[in-house]
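Shared chain: chain A. Partners: chain B in the first complex, chain C in the second.
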Partner chain A sequence: MISPATIERLLVAALAAFLLSVPWSIPALINSFWVSVIAEILIWSLLAASVNLLFGYVGLLSFGQALYFGFGMYGVAIAISDFGWSFWPAFALGIVAAVAMAVATGIFAVRLTWHYFAIITVVFSLIFYFLALTNKWLTGGDDGVNFTLPATFSIGAAQWSFTDPAFQYLFILAIVLLCFWLMHRLVNSPLGHAFLAIRNNEVRASLIGLNVYLLRLIAFALAGFLAGVSGALFAFFGRYASATYMFYHVSGEAVVWAIVGGAGTLFGPLIGTAIFIVVREIVSSHWEHHSLVVGAVAILVVIFAPRGVMGLWRDWLARLADRRVPASVEAKLRTES
Partner chain B sequence: MSDPVLRTEKLSKRFGGLTAVNGLTFELAGGRLHALIGPNGAGKTTFFNLISGLLAPDGGRVFFCGRDITGRRPHEISRLGIKRTLQMKSVFPQLSVADNLWITGYAHGGFLHPLRSAAKDHRTREKVELVLEQIGLTALAQRQAGTLSYGDVALLEIGMALISEPRLLLLDEPTCGMSPAETERAVAAIRELARVIDIIIIEHDMEVVFEIADEITVMAQGTILASGQPRQIATDDRVREAYLGRDEDEDYIEEGGHAQA
Partner chain C sequence: MDKLLLLGMNGLIWGLIIALIALGLAVIFGLLDIINLAHGDFFMVGTVLAWATLQWTGNFWLGFLIAPLIGLLLGALIQRVVIQPIQNVAALSIVATFGLSLMLQESVRITFGPTPRRILPPIQGTIPLFGIEYELYRIFAALVAITALAAFFLFLHRTRLGTWMRAVRHDRDTAIAMGIPAHRVYLLTFAIGFALAALGGVVAAPITTVDFRGGVDILPFCFMAVIIGGLGNLPGTAAAAILLSFLEGIIQSVADPTVARIASLVLMSAVLLLRPQGLFKGFTR
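Now for the complex of A and B:
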């Protein structure tokens, strides 16, 4: 008998195998354009994961995660085009810039909760969006900053760089999987449990000795890290950075992806992101008002599956397990741990 | 060593025009189970909020084992060893009973590891098993706390106080809403606890109070009306007048009023 936990493990393994095979299977099955669509899904899923870490685990709804995405993006672009840095230092600068910005704004933002918190995150992201838009000497404003991407690894004469589409895809996949693995470890760790405790009941959390303010700030910085990695990868992927990606509707989309996929679950954001980007790619080539479809799907999910796609899935698994219990009690002990 | 466990000096808290706690000077010698009673609105819960840091006082000072803790934040006071339960039962509703106890037992240890698996922390898990047995919730360990009955939530709250190994425990109406059997279990747990730690208990059930308290303090309108052994309190005229000595007829009248409202 297969338990729900085993089913999930098998599915994750199948998903991993599929993602690994993408550079070869997708061009053979569809065309190579979809390889970059999937790469884009992977990158954006980290931004959705950043929303999810705050909303699904600490209970803070941020509508400003694009700000840290933008800082990751510009960190990379400025390091390469202005400072002439190589790949890895540029990557590091993007992430550091995003986390530093998250800490600096988080110091003020996490004093607030609920709608006050949502509003202050929007305000911060708008301030820096307009600053990026007007300071063209640094950011290029709407036009953005274009750059030529240095090689990722070079050993002697041998080089691996994003000019090879398969390498580009696999590098993005490796970084995204690493981030999801870290998040998996985080949410099952004592720190992750403390986050959940705060989301559940902040007064009680403080009475058992948890420093609610500091823990929220740590979560905010970690979410800034995820958004920063996402932005840095997107800069590498597109070879440019632009202020348009710091606008709050980018943050809003990430919120929709996270909630539709299932906030408070590890892979929910990835699934939500995949659904919306695939729908966008398919519908937008036939119909210019594709965002209507996006809106309709979002509304339907929020009404009929408030815990998102992952919630539906978990309910279905639970029902499956329930139905089995009476039969299996007779036969033998349940095998689920 | 001569410092009392808890001492307050002219502690005051006002809410607008209402003075909830009015220049309260209190001393808990320690080693005794101390009950705090008084009519509704006497300022008992506000007094607990001032000690545990949920409210900052408008005046006066709080000392814990000789240490000035006035105005410290709740998590700091909690880490010093003052734990409490809330009148409105307060747990983590989406976590399992075992996880409620686990995070409570772990949190006062300080460092929260970001990557190690919480499930593999055997030291705290063992303590969780022990406490589950003490409060009689072993069978419900994996249930979500939000789905428990009111009495079981109250027991869980006591369990959470237990596992955090407090030096001073503030219990705010722990048996309120419990069935007789649950009350009995809770009283037994509290008695057991009182042997090793200092406890102040706010309780309206006079049967419970006179059964377990070594000392009773009566509050009314933000000040202490009387303090002493249960026998003295039971016969104190001022206390009778303010609290215990209400005519039963009056009670009926009030209850009738509630029923109509």
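Now for the complex of A and C:
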């Protein structure tokens, strides 16, 4: 008999194998367009993961993660188009800009919780959205900044760059998997347990000696890191950056993806993002008004799976495990309780 | 000086309309614990209904009756189908109302079309006011908004339904024990929230444009009014909406609208950080 834990481990392995095979299997099975759709899902899932880190593990609902996504994006775009930097320094600038911004705003934001926190993160992201719109000389405003992407690796004459779709996809996959692995390590570390303590009961957490403010700030900076990596990858992927991606709608979508997938679970954000982007891509090729379907999916999921898709899955696994308990043991348990 | 007066007045009147919409958001938020991301779209539906009424009947004034009525019905329907099943869980309400927002916007885009339209003010002409010529319709809009605000507070404090709404917000379990039909109060609250936003939409329609994205800019503004006014403090919400919009109007007389928006947002973060309990805590009750 296979235990639920083994089933999950097998599924993760199958998912990893599938994701690795995408550049070859998807063009053969469907068409190469879907390779870029899956790459896009991977990139956006990091933004959803950044919402999830704050909401699912620390209990802070941020509606402003698009701000750090935007900083990651513009860090890359400005480094390449204005400073003429190469790939890796530009990547680094994007991430550093996002984390620095997260720390600078987090110092104020994490003093507040729940509704107030949600509002102040929106307010901060709106401030910088409007600043980005007005400072066209730097950001290009709504039109954005286009740039040509330098090669990722060049050893002698050999070059690997995003012009090769397979390399582009695998690079994105590697970075995203690395981030999810780091997230996995984080939530199972003492730091991650401290986060959970704060989520479950802030007062108790502070009474056992945890510095709630500092821990929240750390979580906020880490979430800014994830959003920044996501934004930087999206800039590489689209070869441009635009202020529209800093609007609160983008943050809101990430919140929806994280909750639909299952907040507080590692892979929930990936699943939520995948559902929404796949539905959008499939419906939009047949029907112009795909938003109707996307909206209906969001509503149906919260009505029928209030703990997200991962919650539904976990419930199902738990029922499966229950059924396998021998009848005699079950009877004994019942009398004891 | 004239410009300051004009923009200040515009800001004040826009603030009165926003106060109407934000009150709808505040009752839904305060009573149902629903973070309603579709509230801006409720306003937008109001502007579209005003336009549709004008198209079909040729009479703008009917919109003041039809839009809130349809808003009431739509609100009740949405509460039953979407809001009731999620049992007032705030995190889920974000997702559900986000979906609702998408569906409302897309439905309007299908039926009304993607291009923004304008409604001519049904009252043309200007009146002299402190040395400037001011649009008559805006004065009228302000009067409608003030009347609606007054009527809402009278409803809340002087009728049985209003008392029930306040009772359920105050202590749900006791209210149920006293025989108040809480589920019907929830239904009514959501419906009234929609109707207030729709009414705001009709009042605002000749001032702003009618567009399926018209609610997107309104939404954060309304949330800020609710928070700055103090959660659950309805007069505070209305006052905050008027104050915010007035200040933005004043700033617009010396800077361009985006800079004014940034300035008011910065101001708002200061209020949130220094007085998270709301600007008017201690002034009421």
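FYI, the second predicted complex is superposed on the first by the 326 of 337 C-alpha atoms of A that agree within 3 Å, B and C clash if a C-alpha of one lies under 4 Å from a C-alpha of the other, contacts with A are read in each partner's own complex, and residues count from 1 in each chain.
Going forward, contacts are C-beta pairs under 8 Å (C-beta built on N, C-alpha and C of every residue); 3 or more make two chains touch, one makes a residue touch a chain.
Everything numeric here is computed off the predicted structure, so don't read it as measured data.
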| item | value |
| --- | --- |
| Touched partner set for A:R111, first chain B, second chain C, both or neither | second |
| Contacts of A:V212 with chain B and chain C, given as first, second, both or neither | first |
| Touching partner for A:N201 - first (chain B), second (chain C), both, neither | first |
| Per-residue touch tally on chain A - higher for chain B or for chain C | C |
| Chain B versus chain C as contact partner of A:G84, first or second or both or neither | neither |
| Partner chain(s) touched by A:F124 [first = chain B, second = chain C, both, neither] | second |
| Contacts of A:N188 with chain B and chain C, given as first, second, both or neither | first |
| Partner chain B, residues of chain A touching it in the complex | 182, 185-186, 188-194, 196-197, 199-201, 203-212, 215 |
| Interface residues, chain A side, partner chain C - complex | 55, 61, 108, 111-112, 115-116, 118-120, 122-124, 126-127, 130-131, 133-134, 248-249, 252-253, 255-256, 259-260, 263, 289, 291-292, 294-299, 301-303, 306 |
| Chain A partner contacts - residues on chain B that touch it in the complex | 52, 54, 73-75, 78-79, 83-84, 86, 90-95, 99, 102-104, 106-108, 112-119, 121, 160, 164 |
| Complex interface listing, chain C residues touching chain A | 35, 37, 82, 85-86, 89, 91-92, 94-96, 98-103, 105-107, 109-110, 216, 220, 223-224, 227, 231, 256, 258-259, 261-262, 265-266, 268-269, 272-273, 276 |
